[in-house]
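Note sheet for the following structure.
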Amino acid sequence: MTEPLIKIVDLHARYGSSHVLHGVHLDVGKGEIATIVGRNGAGKSTTLRAIMGILRSRTGSIRIAGQETIAAPSEHIAWLGVGYVPEERGIFASLSVADNLLLPPIVAAGGMSIEEIHALFPNLRERGRSPGTKLSGGEQQMLAIARVLRTGASLLLLDEPTEGLAPAIVQRIRLAIDAMKARGQTVLLVEQNLRFAVKVADRHYVMENGRIVDVMDRAEAATKMERLQRHLGV
Amino acid sequence: MATIETAGIKRANGGRPLIKPALWTIGFAALLIMPFFVYPAFLVKMLCFCLFACAYNLLASTTGLLSFGHAAFFGSAAFTAGYAVKAWGVPFEVAVLVGTATGFFLGLVLGFIAVRRQGLYFAMITLALAQLVYFLAFQLPFTHADDGLSGISRGYLLGMVDLNNNYAMYYTTLVICVIGFAITFRIIHSPFGSILRAIRDNQPRAISLGYSVDKYKIMVFALSAAMSGTAGALKAIALRLATVYDLHWATSGDVLVMTLLGGSQTLLGPVVGAVIVTSLHDYLAESGLPISVVIGTTFVLCILLFRNGIVGELKQRLKL
Amino acid sequence: MSPDQLFGQLLVGLINGSFYALLALGLSIIFGLLGIVNIAQGAFYMAGAYFSWLMLQTLGVNYWAALVLSPLMVALLGVVLEKFIVFRVYGPDHMPGLLLTLGLLLIIQGVFVYIFGAVARPYPTPDALRGGWDLSFVFLPKYRVWTVAVSILVCFATWFFIEKTSLGRTLRAANENPVLTRAFGVNVPALMTFGFGFGVALAGFAGVLAAPLYTVSPLMGVDLIITVFAVVVVGGLGSILGAVVTSLSLGVVEGFTKVFYPQASHMVIFVIMILVLLVRPAGLFGTEK
């Protein structure tokens, strides 16, 4: 059994004095798409930030591509092939759309070319020169995903990509995730939208109060939708 | 959240209620007998800067605004007080009042302009405004530009005490400084002071509560400027000299360093800082070592290590 | 007053404006990237002038080499200071940075006074730039025209670097959101060190230009930096173009004031600052940070 691309063991994390993650265990195999689902405040985004090294106060073990990264700075983690799409999207206002797209350095071979990106997200081709923030919410989300696709990252962390978006855009994002799967990329997805999550993911981690409380694979999730919904208090 | 410590009023730790009054008494006694051990003329100069630093900190501690141009008030008052004595022959007390008034009105004008911004921009604006005053001073005939105004006579206190006696000058200055210190204390602990701190801690809230924050800031700025003026007037009379150096940015820098070195959150901090800096100036001037290097280094260390200043740190360590 | 005087002063005004621009540009870059208002910029300007004087005296290095070497040495000094001292005051509050750099200004100035004395040293104008062009209505000294031209060129090059190159793009991103920029794999701390070095190198470059004009003294930077502060308050610290335009314009205004009302020339920039503050507190091009 090959080692998972990312393996998290007993991850604890703090925001200042507030203890937010209480021993998270999680792994995602190469080429897999996994989600973390859970209520607001469960600690899902925090987990992604901890993986990315944005949240510095963490203990435990996070192994990415065989390397221990619990103490590593963000820039180091990025070069291990991790691409991050934050919840707030993080589009730079002082950069044009084209500049936003080109900003993240290429960390590995095999990233999408600009043409491929424009094929996947046609809107971005037209908006090249606009300042980053003149885009709609959906376009910003596409841009945020597009720029990490260009870098050749093999592990993609997506934080609530479909939040607040129209169905047509959600569909585009679904296509993007399918493209990632086709290219053999690994995706760890945080989602509140259960219907979207069960459609795309191979495995679901359920998080509650900073802990993983349940794990379901694709087959189980289809039948145990009710159980999932209960976890989310829907 | 700033807390201004006062003798005996704040509960001392671990049942040592007499430590503070004891320290203050010793301090007072020391001040009274000091001129018999240290050259009085130097002590007078030091006292002027103690008052100047105390005045500076009145603004800094209540509003959090760090002025980079307080020399404008110190120096202008030095000149007006000196001129009042030389050209109009006014008595000592009147000259000091003239200096204080100069500081106050100049403070109103400069404050009106400067309080529109905060933090960084406030610092840059006060620096620039003081530079303007400095250049203006060169234009006015009575400052004699580079030569300065010299030969200012000390005169008599209340027409009776001959201030040419260095001891008399010292004790007079000491009394004025103590009064200034007491006034500062009073202002800081008044409702006015509380409102200022509220504005400092949460200006939007203060505005929503209906306070005209600009007016409060301008007023404390002017009071700080007025007392700086008192210090400047005293200095000019005691040293019999007012120069454009009193208006120079280096003097503004000095009082800033004094205050932060001693600690802005305490009443005594600026005084301690003033003692250290003036002593350093005096000591280093003779030894030939570069003053600004020593003061600069001390200041850098202070910013990096003792954010609370020397007195602030001591208070924390000794839990006073 | 003759056209000769007028154009002569216009040129001097442009020169002053050029120096304001180079220093303001450095201040802007350092403030944008590091959140620090570097009052020691005046000291780095002075260091640039001194390094070129020193290289000439001891190694016979000429002006042209000094134009390149001196800013590099100033950048090195800046990088060392940033790596050991300045980085400790990074954070949301801007005041510790200003205070720390004030301390550094005192130290650097004091060290130079101690080593070289307060005496002003002359620096010879390079041969190729001696003399001038005698147009009928004005005499244009070559060195002065050169100073203005090369300053504007460097300002333009800096603008181009920041707005149009990929490194400039990364700098702008790090300026706006350093955490996310790091998460993309950019070594932001190294970038900040580079930014500081670059910002002070601009001041050092201005110092080399100033050496033949103003003579070299340890106090040459401070009055300049205070005026630059006033310029920066007028223009705002947000935009590069704004800093350059404001600097040149105010320099020219200062120059003209000298023709018509000489005693006020030192003060006119400060007066304008007051007016701008009363009318438009954020500055003419201000983007509040």
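Brief remarks follow.
Chains here go by letter, A, B and C, matching the order in which they are written, and residues are numbered from 1 within each.
Here, a contact is a pair of C-beta atoms (placed from the backbone, for glycine too) under 8 Å apart; a residue touches a chain by one contact, two chains touch by 3 or more.
Predicted model only: the values in this text are computed from it and were never measured.
Taking the mean Cα position of each chain as its centre, A sits at the greatest distance from chain B.
Of all chains shown, C has the CA centroid lying nearest to the centroid of every protein CA atom. Inter-chain contacts peak for the pair B-C, counting C-beta pairs in contact.
One finds 44 Å separating the Cα centroids of chain A and chain C. Centroid to centroid, with C-alpha atoms defining each point, chain B and chain C lie 33 Å apart. Taking each chain's centre as the average of its CA atoms, chain A and chain B sit 57 Å apart. Shared interface positions of chain C, defined as residues touching 2 or more other chains, are absent.
Looking at the complex, you find that chain B touches chain C at residues 66, 113, 116-117, 119-121, 123-125, 127-129, 131-132, 135-136, 139, 249, 253, 256, 260, 289-297, 299-300, 303-304, 307. On the side of chain C, the complex with chain A involves touching residues 166, 169-170, 172-173, 175-177, 179-188.
Residues of chain A that touch chain C in their complex: 52-54, 73-75, 77-79, 84, 86, 90, 92-95, 99, 102-105, 107, 151.
Taken in their complex, chain C has these residues touching chain B: 37, 85, 88-89, 94-96, 98-100, 102-107, 109-111, 113-114, 222-223, 226-227, 229-230, 232-233, 263, 266-267, 270-271, 273-274, 277-278, 281.
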